[in-house]
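Below are structures written as structure tokens.
Look for chain A in each of the two complexes below; its partner is chain B in the first and chain C in the second.
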Partner chain A sequence: MGNEAAFMKKQRVIVIAVLIIVFIIYSIYYNTYSPKILVHILKSLSRMLLGYIFAVIFGILISVLVGINKYIRMACNPIISFFMSIPTITWVPILLIITGITEKTIIIAVFLGSFFAIMYNTLDGMNNVDQNLIRMGKVLGYNNFQILYKIVIPASFVQILTGLKLGIAYSWRALVGAEMLGATQYGLGYLIFASRKFYDLNRMISTLLIIAFFGYLLNRLLIIIIEENTIVRWGLK
Partner chain B sequence: MRDRILKVIPPIILGLTLLYIWQQLGERDLINTALFPTPKQIFYSLLDTDIIFKHIYSSLLRLVISVAIGYVLGFTIAILISNFKSMFFLEDISSFFMSIPGISWAPLFIMTIGFGDKTIIAVGIITAFFPVLYNVLYGLREIDKNLINISKIIEYSFLEELTMVKLPAIMNYLTIALKLSFARTWRTIIAVEMIAATMYGLGYMIFDARELFNSSIMFGGIFLSGVIYYLIESLIIKNIELFTVVKWGMRQHS
Partner chain C sequence: MGVEMIIECRDIIKKYDELIVINKVNLSVKKGEFVVILGPSGCGKSTFLFMLAGFERPSKGKIYIHGKEVKKPGRDRGFVFQEYALFPWRTVLGNVMSGIKEKKHRREIAMEFIERVGLTEFANVYPHKLSGGMKQRVSIARALAYNPEILLMDEPFGALDAQNRKLMQQELLKVLRELNKTIVFVTHSVIEAVYLADRVIVMSKRPAKIIYESEIIFKGDRSYTSGKYLEYRKEILHYLNYETGVKE
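So, the complex of A and B:
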């Protein structure tokens, strides 16, 4: 059984490798603008990184601040889940009016895309902490801050990580959508939208493959690396 | 009972307080009401829009059609992959394509199909398809092997095995797939409507309001798209879950 699983895994890797090679050949063959593609990719990734980092910092910080009190936490939960069910792209037109067609629009869209997912999951994790652990903390004479820092956050870490994972996926989606509507010069979303105007099907498909590749990379490899180094190592999964 | 009251009251108080603060800020000219209209203005502008139901209806219609087609397609292909071992590569290819945001298919379809409903539904089908495929495959892999063995012993045919053994066993994953595909397709359809719709649709309404600088309609559209999805999830999907997986004891009701 184990042998078969290993065999399947090997085949999997081969399939993915073949896919990636095909896509690289394809995009090199059809991209006559090849050096510029790097600029597009870097620009997109940097926007995504900036928005995502802001979302992580603010999401975790605010939910920790809110989560100190049980009632405020309960009050925030449905409101956050309502904001989460708003499609991120609907913010883009209003952001275009408020901030103009600038980098800020895209970064804020990415931020909004992942912020609520991160905050929702962090709050959810803090709600579901084993009450006995908190009682034990009180017995040991911890104050509220120590309970939060030493018990609640480590205990809800799996949920926080789920939020971070969701955040990456959402912000990647938001990035491509926002770039289509709001970017002026660079970005993968812009590239795919601009090639429609020039009726350049090959360039469009190769950009699609690049988007798929980076989405795959961000969703899978990054998350697997983070997961293996934290919760898998701690035996939580 | 007390728990339920505690669950409902604080969010309402917090929400109303925030809305009140926003209203007051707008009325006292502390924020620019041309950019950030007050909740009252948003509400009245939504009431004034005559074709608001037409917008909502056409968005919902597209959503339902594309989820239905995508669900059936995803389910069929998942069954195919799980039954024929030689099809395993399809799973990898699909997990690769799953990471393409739905909206980036839109320019391709606009170019090949043209503007309008067909493009939006095509993109919707693609977005609905992948989560279903993925979840059903995962569910089929997690089925207790003994159940399959028993069904072989009583010599069920392929169809009987599917309907009597496999389908009930993966019901949990089927509902998750439904939820995910609804969520993703709703997002994508609103997005695609912005660039590909010609007449109606919530996304079209929001994007059209941008050209007229009508920010209260835009905020109203944001609000509506959240509320509609919230209703879909809490009325339809939750009830489906209640009558199947929760009733059968496969999952705890949250």
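So, the complex of A and C:
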């Protein structure tokens, strides 16, 4: 067990190290003639985080509100599944008409990218809580509200985290897609799409690597830290 | 009135659609009594215990505790599940504290019960690090810590190996004698039943009804080898085997 964990950690370090080296050599080299790359990165990251954080807050909050009643919770599942099967990128042209060529459009696209995945997984977790844990809560005299936040939510944490993880991946895709579809003059998605006009393959590939690198980093930084302090410590993973 | 009855079940019938699981069970339990319900697997004895706990309602008949009808779970009854049902996100201490209402002395009360079950060193450990026997001790400590009058136990040692099982039986008896709880304990082990019980009740296969009942009286200490023990065991096995179809 210990060995395995150490091996995983070592592997993680190696993967990150290799990525950083590739990242530095390739992307910085081909992008140094344009210091604007930093602006693009910051712009993309800030949009992503803003949309994602809204999705996390609303996704979990609405799930919990809906989740108070078992039947409403179960009725929500097919509705969420339905909306989840819409590729986020298809929202963008619609949003461009409704909200115009603004920051809002991209942030809403990011939000939509992860919101349904977070909600779907949170509800799924809440539906699959061990009945005996809930019975135990009733024996201990918990009211419905206490059963919700003392038992149902922590017991669904594995799935909530799955939702958060998927959410990051989906949001990142949605972000790049929305930036490509011309809602902005900045961002990594814009950069890759704009470079196409100049046949600047080097910059396109280096930008692609930057996109991959930050997507990976976001997942590691945000999720691994939460995971290690919750479900790993509780022995659920 | 002679002895005070804490639990009274009158003509309990439990049906799932057309399937009758429990058929007219009457049972009264005295204060401080240790009642063990034996029966073949799947006979509905756990369902019966779930009704005592208030997780399920009888289809017909009524269950009274201190003369009040049982309608839902309550803090007058502690429950111990076979699969422990510990909260994995709380430490041993956190689990045992989870039922205690007195805010001021929660920690001390919990620590006292953790000590009773011999897990003081493990107070700050998360349950997944513990063995099955240790988990069940935590579960028992949690059920006792908020001082319910009645303790309901659903095959609590069913998932343990034979040695751990005997150890737990002995320790359980010791702890419970000190606390003088009223206990209803479900098992399919005759060995366990005779060792622990003041009274053994044997249920038939589905639909369950009571087919045999016996007070277990020992002079002096209980042991797994005394003549009296073996006598009780033989008699009860006779009834149980008849139900399960096992040849003697």
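Throughout what follows, the second predicted complex is superposed on the first by the 210 of 237 C-alpha atoms of A that agree within 3 Å, B and C clash if a C-alpha of one lies under 4 Å from a C-alpha of the other, contacts with A are read in each partner's own complex, and residues count from 1 in each chain.
Operating definition for what follows: a residue touches a chain if its C-beta (ideal position, glycine included) is under 8 Å from a C-beta of that chain, and two chains touch if they have at least 3 such contacts.
Everything quoted here is computed from the prediction, not taken from an experiment.
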Partner chain in contact with A:Met180 - chain B first, chain C second, else both or neither: first
First (chain B), second (chain C), both or neither touched by A:Lys138: second
Which of chain B and chain C A:Leu96 touches, first, second, both or neither: first
Between chain B and chain C, more extensive residue contact with chain A: B
Touched partner set for A:Leu221, first chain B, second chain C, both or neither: neither
Partner chain(s) touched by A:Trp234 [first = chain B, second = chain C, both, neither]: second
Which superposed partner A:Pro154 touches (first chain B, second chain C, both, neither): second
Touched partner set for A:Ile21, first chain B, second chain C, both or neither: neither
Overlap of the chain B and chain C footprints on chain A, listed as residue numbers: none
Residue numbers on chain B that touch chain A, as the complex places them: 6-7, 10-11, 13-15, 18, 35, 88-89, 92-93, 95-97, 99-108, 110-111, 183, 186-187, 190-191, 194-195, 202-203, 206-207, 209-210, 213, 215, 218-219, 221-223, 225-227, 229-230, 233
Residues of chain A touching chain C in the complex: 130, 132-133, 135-136, 138-141, 150-151, 154-155, 157, 230, 233-236
Interface residues, chain A side, partner chain B - complex: 8, 11-12, 15-16, 19, 71-72, 74-79, 81-83, 85-91, 93-94, 96-98, 172-173, 176-177, 180-181, 189, 192-193, 195-196, 199, 201, 204-205, 207-208, 211-213, 215-216, 218-220
Chain C residues within the chain A interface of the complex: 53-55, 72-75, 77-79, 81, 83, 85, 87-89, 98-99, 101, 126-129, 146
